[in-house]
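What follows is a group of structures, each given as structure tokens.
Next come two complexes built around subunit A: one with subunit B, the other with subunit C.
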Partner chain A sequence: MSAAGPGRPSAHWRHRLAERGIDRQLILLVPALVFVIALFLYPFFYGLSLSFQPTDGGPFSDYARFFSDAYERGTIWITLRIALPAALLNVLAAVPIAYRMRGRFRGKRLVTTLLVVPITLGTVLTAQGLLNFLGPTGWFNRILLATHLVDEPVRLTHNYWGVFFSLVITGFPFAFLLVLSYLSGIDPTLERAAATLGADWRRRFTRITLPLLMPGLATTFCLTFVLAFSVFPSAVLVGNPAGETRVISLAAYQAAYEQYDYPYASAIAMIMGFVELVVIAVVLAARSRFYTGATGGKG
Partner chain B sequence: MASITQAPPARPPATDDRRRRVTARPAAWIVWGVVIFFFLNLLGVVASVLVSSFGRRWFDTWLPDGYTTSWYGRAWDEFALLQVIVVTLEVSVLVVGLSLLIGVPAAYVLARRSFPGKRLIFLVFLLPILMPPITYGIPLATVLYKFGLAGNMSGVVLANLVPSVPFVILTMTPFIEQIDPRIESAARMCGAGLRTVFVRVLTPLLVPGILASAILVLVRTVGMFELTFLTAGPDSQTLVVALYYSMSASGIRAQQSVDAMAVIYTSMMLVLLVVALRYVNPTQLVAQVKEDPEH
Partner chain C sequence: MSAFSQLRLDGVSRRFGGQDALTDLDLTIETGEFIALLGPSGCGKSTALNCLAGLLPLTRGSIWQDERRIDTLPPERRGFGMVFQSYALFPHLTVRANIAFGLRMRRLPKEETRRRTAEAVRLVRLEDHVDKLPGQLSGGQQQRVAIARAVVFEPSLVLMDEPLSNLDAKLRLEMRTEIRRLHQSLGLTTVYVTHDQEEALSLADRLVVLREGRVQQIGSPRELHTRPANWHVADFMGYRNLWRGRVARRDGSRATVESSGQRLLGEAVGDFADHADVVVAVRPEDIRVDGAGETSNALSATIEVVEYQGRELAAEARTDTGQSLHLRTEQRIAPGDQVKLAIDPQRLLVYPAGATAETDRLADTPAATR
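Moving on, here comes the complex of A and B:
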């Protein structure tokens, strides 16, 4: 195609670039790119290089400091121990509920609307509500006591469970809405075809719906996990921030805003991002093993 | 403890080994039971804050021993809520406007064109959504403080733009893909330039999508805690951050005035939500739903 004829040289290279898909329209992309580079990539690499310039010691001493201190190192495990089960529960619980609600029925809009409410509550209000509701004199414990299910109030706040519940309350509706939209994106005629061929619902679910849904579930898990992994306000407010729920974001925050040790805080932030990306990479690698084509529902 | 671990029947109904018709029933009951249990607890969480904010004194009883609205007035004065709400609104409007201005053109290019490096660029736009806010928030706040941009409203707006712009791009791309490219070609044939195509042809067609993503960004910004928390100064706190500070310093303030503030925050979010749901069907965010095809 280089036989475009003898043109002016400037027209020539423009033409050749345009053939490869580069022309003036791409200018529209520039503001967003500049923005992402200036406010995301630059700070990220700045933090990365800062983490190798500790206030004292060699380039890796802040990382060594983090991993040699059991109190600090333990935050990774604490965070994963809260975030993984919460994300898993949110996704797994969302599947049967979304499966049941994917058709059209009366009040569907009401149910989905109600499920969006917790997303808007935000972590801080949820924390406040959980403190009131699940606290030792809250309604939940009162009901348990009144029905004689327990003899003394169950301790559900200021420990692991408080944080776990706040993650379920904020994460489940989110997971549900995502799973529901992935499920509705699967062409229902596929399942009807399977039914015509004599498959019962169990086989239809495991052989047709579930494989088509798997990539969506992996994505949902990743997004829910990101939300749960960065748990911060609820770990402070309904958790036990000095011990059981001292999550890694809290360690990073304390390094930055209580000790003013920015290199160390950056090092913790980098470790945090790394651990999270490892989990996501594992899930996405598993996802690529599933079917990832059109699910027929996109119109 | 088993009685309180929420939502025990978490496994899919596929594991039930009963026949359909007959068996759809118990599975359905379990599912609805879990949903109702979830909602009851949710109701308890919200209602306990609401009741407490109107209660005079509430210690070891089912309900407070008297009702008053004075906590609202007290919270309003104590926390300088008027200023906080004004800041919240200013920040949100700025974030929504800027993220649309930056995001929509980029979404257009990503939806319509293919060019070398497109996948890489897409990945870069995806990263801020995939990373926990604290991870990039701390380096970002450090950089913003270095340039003197943090600790005031510009820092809060800039930090909140980081997840908002990619969010606009991701939500707008499917909307743009739906528009027939021949409409643009026709406009081009009639002599419209790129700007005219955008202003006169695309924008009117995209209004539903723009409204949807604007409202979602608004809800996210009002609710965004971490980034605002890391970059806000004393007079640029949004409502969530002010609420957090009042809660973590709660021995000083009465519990009820914190509750009152939480109720104010929730009602603000609910108003936004009701407005949002007029324009957005929450299930249509990921895929364009084929809603129940004809039988």
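Moving on, here comes the complex of A and C:
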């Protein structure tokens, strides 16, 4: 290979660029780039700058307003109180089921389909079902009353529990699919090796599988947490939007579309994003303490 | 967990969805023995090993450790060490923690765990790597960790599932010596699964050859090397020259086989009578090219292909009757040479042919091709 011949002077620098990963295939990234800029970066920075331009007061006055009002400030806690346990339960419930479901067995596809179906339902349908099933005159309460386990209906809708159940129903399939793929990525021979070395199933799980699965569980937790933290429709439909399930996204909605105070709504949205980031940062910091390399499986 | 004087497999069988993977394996393992389970892939050798380890339940049969039945015990209560083909090292634990794992599971005192782990590390010469994770080691080093981990708690039996198959040729030879050395110095009873006959011959005290889930032969390396029980075992043990023939006359342990209108005298192995269909088996190194002057068991042939293999040459020759033969020789030969081949009657083994479908892939008698 001599240097570029007289007819094709461009060959030389093209090679050098290609070695640095710059070639024509970069064009394939353009749609993603456009998408991120138009639908995420632009709205984000627009909202961010809007949040510093309140209708009256200095640039930080809307933030100050949020934190000085206990009713507003409380929405952070209300949302965390729903989203953290729901995400945790989703992840914890997914582990044993996914553990049993890895590997091949008859009917696996059917069971997986049944577990994943709630994804396709959508929040409104789930809320409708919850109201019918768990409401004061729903089947669940009717059975409890008929069997005299309770004297009056148990309130499970239009309060904290309604939203919690809704988040579990819609969040579990995500958690399950993610945990299943992380578990499939762990070589089953490792557990067999631990068994021949004298570990019973409990120690095989706690010493081998769980440590290797932890990074995956942390990631799964973050994703289901984010989904749960932005809960909005179910907080209105099966919750108590004026009281115990007045979540932060609801506060932002009311600022924007009931008070038409866009800068204040933007400030709330920024606070919401910040809280999410803090939780994710904490979880990922904990995640980095675990082994995150190859685990020898097929995943 | 304690040492045993005898481990007995009694009719051990395993089926997978209606397919027999292993049928009626009877084997008695004496303490200190090195046993190789040998066979082509799918012969049931790994199945047998997993049944021994307790990783696969038996479909039929039983396993006895002296007078104690152990096939109903889960793997963690058998106390056998196992080396896996993929090593199966715990990726999140250091070399030291990997090796100490079995001792930790036995809840030994800390001091003893530390001492025995260090001993095992020294045994496999990994002192400089104890704090590394398995992912930072080479294949050979990982292999040594796997072996140390399996022997550190002094198991009554060590099981090895093709432990060398993922290594390159040079390392494989080194590790083979290493395994033999460990076995000699620790006196560990070992069951070793391999498809490599050379590996099995060089390592084991006793070989078990399996084919389609059934035991074909159990014997010492020498027995298997010089006198395979049937032509399938011969095929597997390096008898590359196999061809069909018909018995002209059987006389005790001697049989005269007719092939290509030529009569060859050989050693009869197994039951067959005059005029029976047989299979003839000869190792390449048992064919001599200096057969000029010999009157019996000699064949005229032309050398066709020669491969240089260091001290020896491997060659393919075609006899005047059209049959191709593999041979090895130290003599200098070249393609096109006319030679007289000779085979010692004791090294020409004659087996009953068995089912015709199985012999179909073998060369016909040269007489038939003419």
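Everything below uses one rule, namely that the second predicted complex is superposed on the first by the 279 of 299 C-alpha atoms of A that agree within 3 Å, B and C clash if a C-alpha of one lies under 4 Å from a C-alpha of the other, contacts with A are read in each partner's own complex, and residues count from 1 in each chain.
In this text, contacts are C-beta pairs under 8 Å (C-beta built on N, C-alpha and C of every residue); 3 or more make two chains touch, one makes a residue touch a chain.
Owing to the predicted nature of the structure, the values given are computational and were not obtained by experimental measurement.
After superposition on subunit A, the partners subunit B and subunit C are seen to fit next to each other with no clash.
Looking at the shared chain after the overlay, A:75 reaches neither subunit B nor subunit C. Applying the stated contact rule after C-alpha superposition, one finds that A:200 touches each of subunit B and subunit C. Of the two partner chains placed by superposition, only subunit C is touched by A:290; subunit B is not. In the superposed pair of complexes, A:252 makes contact with subunit B only, with no contact to subunit C.
In the superposed pair of complexes, A:187 makes contact with subunit B and with subunit C alike. Within the superposed three-chain model, A:211 lies in touch with subunit C and out of touch with subunit B [touch as defined at top].
Of note, the Cα-centre angle with subunit A at its vertex and subunit B and subunit C at its ends comes out at 80 degrees, rounded to the nearest 10.
In the superposition on chain A, A:169 makes contact with subunit B only, while subunit C stays out of contact range. Contact with subunit B, but none with subunit C, is seen for A:46 once the two complexes are overlaid on the shared chain.
By the touch criterion stated above, A:157 is placed in contact with neither subunit B nor subunit C.
For the pair subunit B and subunit C, the least inter-chain C-alpha distance in the overlaid model is 7 Å. Applying the stated touch rule to the two superposed structures, the overlap between the subunit B and subunit C interfaces on subunit A comprises residues 187, 189, 200, 295. Subunit B contributes residues 1, 3-4, 6-7, 9-14, 16-17, 19-20, 24, 27-28, 30-32, 34-35, 38-39, 41-42, 44-46, 48-49, 52, 59-60, 62, 101-103, 105-106, 108-110, 113-116, 121, 124-125, 127-136, 138-144, 158-159, 161-162, 165-166, 169, 194, 219, 223, 225-226, 230, 240, 243-244, 247-248, 258-259, 262, 265-266, 269-270, 272-273, 277, 282-293 to its touches with subunit A in the complex. Contact residues of subunit C toward subunit A in the complex are 53-55, 74-76, 78-82, 84, 86, 88-92, 101-102, 105-106, 133, 135, 149-150, 153, 159.
For subunit A in complex with subunit B, the touching residues are 20-22, 24-26, 28-29, 31-33, 35-36, 39-44, 46-48, 50, 89, 92-93, 95-97, 99-100, 103-104, 111-130, 132-133, 137-140, 142, 144, 149-150, 154, 156, 161, 165, 168-169, 172, 177-178, 180-182, 184-185, 187-189, 200-202, 205-206, 210, 216, 222-223, 226, 229-230, 232-233, 236-237, 249, 252-253, 256, 262, 265-266, 269-270, 272-273, 276-277, 280, 295, 297-299. On the side of subunit A, the complex with subunit C involves touching residues 187, 189-190, 192-200, 203, 207-208, 211-212, 290-291, 293-296.
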